[in-house]
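Think of it as A, B, C, D, E and F in the order they're written, each chain with its own count starting at 1.
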Amino acid sequence: KDILGPSKFDRDIYQEVAVPGVAIGLAWTPVGGDILFIESSLSPGKGKLTLTGNLGDVMKESATTALSFLKAKAKQFGLKPEVFDEYDVHLHVPEGAIPKDGPSAGITMLTTLTSAFSGRPVKPYLAMTGEITLRGKVLPVGGIKEKILAAKRAGIREIILCKDNQKHVEQVDQEYLGDLQFHYVDRMDEVLDVALSGEVAPSFKGTVAVN
Amino acid sequence: KDILGPSKFDRDIYQEVAVPGVAIGLAWTPVGGDILFIESSLSPGKGKLTLTGNLGDVMKESATTALSFLKAKAKQFGLKPEVFDEYDVHLHVPEGAIPKDGPSAGITMLTTLTSAFSGRPVKPYLAMTGEITLRGKVLPVGGIKEKILAAKRAGIREIILCKDNQKHVEQVDQEYLGDLQFHYVDRMDEVLDVALSGEVAPSFKGTVAVN
Amino acid sequence: KDILGPSKFDRDIYQEVAVPGVAIGLAWTPVGGDILFIESSLSPGKGKLTLTGNLGDVMKESATTALSFLKAKAKQFGLKPEVFDEYDVHLHVPEGAIPKDGPSAGITMLTTLTSAFSGRPVKPYLAMTGEITLRGKVLPVGGIKEKILAAKRAGIREIILCKDNQKHVEQVDQEYLGDLQFHYVDRMDEVLDVALSGEVAPSFKGTVAVN
Amino acid sequence: KDILGPSKFDRDIYQEVAVPGVAIGLAWTPVGGDILFIESSLSPGKGKLTLTGNLGDVMKESATTALSFLKAKAKQFGLKPEVFDEYDVHLHVPEGAIPKDGPSAGITMLTTLTSAFSGRPVKPYLAMTGEITLRGKVLPVGGIKEKILAAKRAGIREIILCKDNQKHVEQVDQEYLGDLQFHYVDRMDEVLDVALSGEVAPSFKGTVAVN
Amino acid sequence: KDILGPSKFDRDIYQEVAVPGVAIGLAWTPVGGDILFIESSLSPGKGKLTLTGNLGDVMKESATTALSFLKAKAKQFGLKPEVFDEYDVHLHVPEGAIPKDGPSAGITMLTTLTSAFSGRPVKPYLAMTGEITLRGKVLPVGGIKEKILAAKRAGIREIILCKDNQKHVEQVDQEYLGDLQFHYVDRMDEVLDVALSGEVAPSFKGTVAVN
Amino acid sequence: KDILGPSKFDRDIYQEVAVPGVAIGLAWTPVGGDILFIESSLSPGKGKLTLTGNLGDVMKESATTALSFLKAKAKQFGLKPEVFDEYDVHLHVPEGAIPKDGPSAGITMLTTLTSAFSGRPVKPYLAMTGEITLRGKVLPVGGIKEKILAAKRAGIREIILCKDNQKHVEQVDQEYLGDLQFHYVDRMDEVLDVALSGEVAPSFKGTVAVN
């Protein structure tokens, strides 16, 4: 049924995302698509944002934009506004030997930051790609076909894309898509509704406001 | 009647600008004009200005100049002077993959900043282009014909331009302009009179002085 | 009488300089001289100096030198010394698309800064060019002939130059000079005596010491 | 029995690592593998991280990532969270004449930092190589064969590697491995379990929490 | 008697150096020697050192070294140690269009800084050239012949040089030297003994300790 | 007896090193060895380290490493830990026109810093060369033969080298070494035992702990 063979990474991917602060993005490279873990971690501090993982300027700007959006919407997302002054945030993209750039990891970055601050892990087997704007709108990105194939190979079951990318999915042969489920979104609120549907992690105590 | 076809983006553009802090600029590119969303967002902070969106040095200087003008005229615009110390401002121009530069987004940047600080959304279907100076004078810019055509294509209904650009509009075939309405201005005050004519957004509470 | 034709910019120039903080410099470019507005603006702050307008390193150093001179001479110029800690200063040179460099805007920069801090507008129809030193001495600069012609074209009526540039003026055909009035100076004190002869602006309240 | 000859460096290596804050990494160079001492040292301060030893950007990012992980896991590792504000950390890689880069020293860097903060020396005759992620996962690296041979030559007795690097070890001729012992790990916890098995150094007083 | 003609700059030079903080250095350029005014000026502040005048890195380091020496020897020179925290110092070398570099202005820089802090003007008609070290030793520099000729042309009457440069002076034809007086020194103390022999300027009130 | 001729610099060198904070290193250059004065000086401040003398990045890192080692070992060396917060340190290498780089001045830098902080002058007629590590280990360096000849020419009587450099000394013809005395060391403690054997300078009052 699945011409790409068994999803041998399934178990690994599940384990990765069980901890709050980790989300899976989709990257386009000259030799095909790839999945991209994006990690965020908090430590007591003064609100500094650290970015590592051999990131280009545009990708760093995506992270900055994501954090500004989260700060401006803190209350709406149930976060205490003061947490942004009391914690340092580090966002890292592993495989430091590979240079990475472009705006398409924007929604993954915001998801991972929101996950870290809220203590809610990202849904397993889920990947996403899309540019984020400062007002939370999701913009379409390129390389959709290659990214979908890479996600499929890695055992991903659900993908979040910008509505404007739906047409690119429809151009991919159904045979390759298998039972991949797509979520088409216009705004970050919809991304987070899909991605952070789970409970706050038991070990988590901290940055979420008690309503 | 309209040789450019239906304005299929109308609805989208209206939605975008309904939130305070978003304004539409006009850009010239080697392959024609384009519209350019410019977004500003506040979060509690210490007065830091963050600029993202793959902006060149001249464009960053425009944003700096716009913010200085707004600070110097805070009282005149009904803003509490202390807000510039109590909030961080982030100005972002989406589509991070595209490098952007030049001074012509100056008046759009100041409009978006004023909108964000005052809580008053920018008038819908409105675009603008013009360099801003530190004393609030509006200077003419290039690429007027291409910019007008792009605005028309995107469903824009009104455009703000420097008075010294009026002659360039008059060189454009009336057939292309349709019912586009032009506002020719000399100073930023006139830009803001046109752009921020609406009410303070209901969700807004914050940086405006109670007179 | 005036072979350069009517001064069609007269009215504009007068309007520009009516506000404290704006002065007119003279620039040399490969295609001739040009006038150069230089703007300074204050906002409540901590003494930061911001420089914009596509300025090269030497031109930025001129502004830094001008501000240091003004700080060291604060009392002599009737300024409260503490204002330099309580305000941020932004100095901008419009037309951001054009790179600008060199030390010859030094005396214009100091004039515009002094005007902004003292609330006294610069005399209308006045332009100037000259390097400034840290001890307030005015040094001669190049391109005098081209600068004079540009000033004349723009409706300038008086020009301040370094005494050592007088010989270059005398080499210009009298026919081109018309009724242009020249002020030859050795020190910044003389520049300010000519340029800031007017009253403190009515709207101004602030940085000047009451004697 | 050992075709590489006697381990003439044994004694030296033991002496080096007896002090907390020193660990041995494995490096790949165009002319073969090499061992790499990595040193961390604390001094009373404000939480500054200093990195020296002619390190490239990717290697510096590894150190930053290692420190963020340690901060986020401070309690789990028995460290008082406030030590990261009360001490400056300096991480140095000797032989400053040789430029060094890449992510493969990540797990060694985290080991040396943890050793310095906890006062527990690293196990003698132990070397390691592997990329670290922000969530403590260990990633595979290249040059395994050359690194193993260099470790053997230098008298190393145990090596920590990522589980995904086991296949590369199995490709090395057993004759070269001698009695080298390998520890294959998935997460930093396992690295530290192997590397920091000893007691807190007698001279150490300071950053560890009393449980 | 003087084959270089009358010293037409005499009067100018005397006027320049009458104000504390100004000293005359000697520079070598591809087209001959030149004199170089070096200016230092204080303003109330927090101990910041600003360097302008199109200076290269080595020349900037000379100024930094000079200031450190002065700080370390504050008491010996009668300066209150706290002045270095209470004033900002700006050191400027006029003629910003000309790039300048090298260590040979070191002793002039220290002289001008000491003059500014102590309120004692530099002796008129005096020039100097020499590298300074952190412990106040004066090192020899190049281009002695060209520098002497430039000093003579400009009306300089006394020159301070490193003892190790005496042999280069002796190689210059006596005819060119006229009645130039040379001071050969080993240490900065000797430079200051010659250069700052005058009284504290009447207008000065401030940074000197009352013994 | 001494084929290199009389030591005409003897007296000078003795004078230089009589003041705490000055030590003599040995450098290798394309045209032979050279001696290198390294100077450290303290002034009241906040713990800033300033490095001048046209130093490359690796040489700057050596100084940073030396200072970190000294901070971490403050008590062991009889220094009050708080001095590193209360003084600024400036380390300068004279002859600013010559670019300098490499790690071989490391032990000289640490010696000069320790001398400055402890008030103990460095032993006269002593030179040294060697890389320093963060844990105080001394590493071997290159150019030993050229460095020894330069030291001999300059009147140096004792040289400190890493034990691993002994073999390079033994390759030098005994005829050139004369009565030069060598100290071979493994750790910085041994360097300081040789170099700082004298009394605290009489003029010194300050940073040493009273036991």
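The definition used in the following text is that a contact is a pair of C-beta atoms (placed from the backbone, for glycine too) under 8 Å apart; a residue touches a chain by one contact, two chains touch by 3 or more.
Owing to the predicted nature of the structure, the values given are computational and were not obtained by experimental measurement.
**Student:** So which chains are sitting against subunit B and subunit F at once?
**Tutor:** none
**Student:** Work out the mean Cα position per chain and let me know which chain is farthest from subunit A.
**Tutor:** Ranked by distance of C-alpha centres from subunit A, the top chain is E.
**Student:** Look at all chain centres (mean of CA atoms) and spot the one farthest from the centre of subunit C.
**Tutor:** D
**Student:** I'd like the Å distance between the centres of subunit C and subunit D, where a centre is the mean of that chain's Cα atoms.
**Tutor:** Computed from C-alpha means, the inter-chain centre distance equals 61 Å.
**Student:** Using mean C-alpha positions as chain centres, tell me how far subunit A is from subunit D in Å, no decimals.
**Tutor:** It comes to 31 Å between the two C-alpha centres.
**Student:** Where the centres are mean C-alpha positions, what is the separation of subunit B from subunit D, in Å?
**Tutor:** Once rounded, the distance between the two centres reads 53 Å.
**Student:** Where in subunit E do residues touch at least two different other chains?
**Tutor:** none
**Student:** How is the touch graph of the chains shaped: line, ring, star, complete or other?
**Tutor:** Topology of the interface graph: a ring, with each chain touching two neighbours.
**Student:** Please list every chain around the ring, with subunit A first and subunit D second.
**Tutor:** Once subunit A is placed first and subunit D next, the ring gives A, D, F, E, C, B.
**Student:** Can you check the complex and tell me which residues of subunit E touch subunit F?
**Tutor:** Per the stated touch rule, the residues are 57-58, 61-62, 64-65, 68-69, 71-72, 74, 81, 84, 102-103, 106, 131, 133-135, 137, 139.
**Student:** Inside the complex, what are the residues of subunit E that reach subunit C?
**Tutor:** 16, 19, 21-22, 37, 39-45, 50, 52-54, 88, 90-92, 94-97
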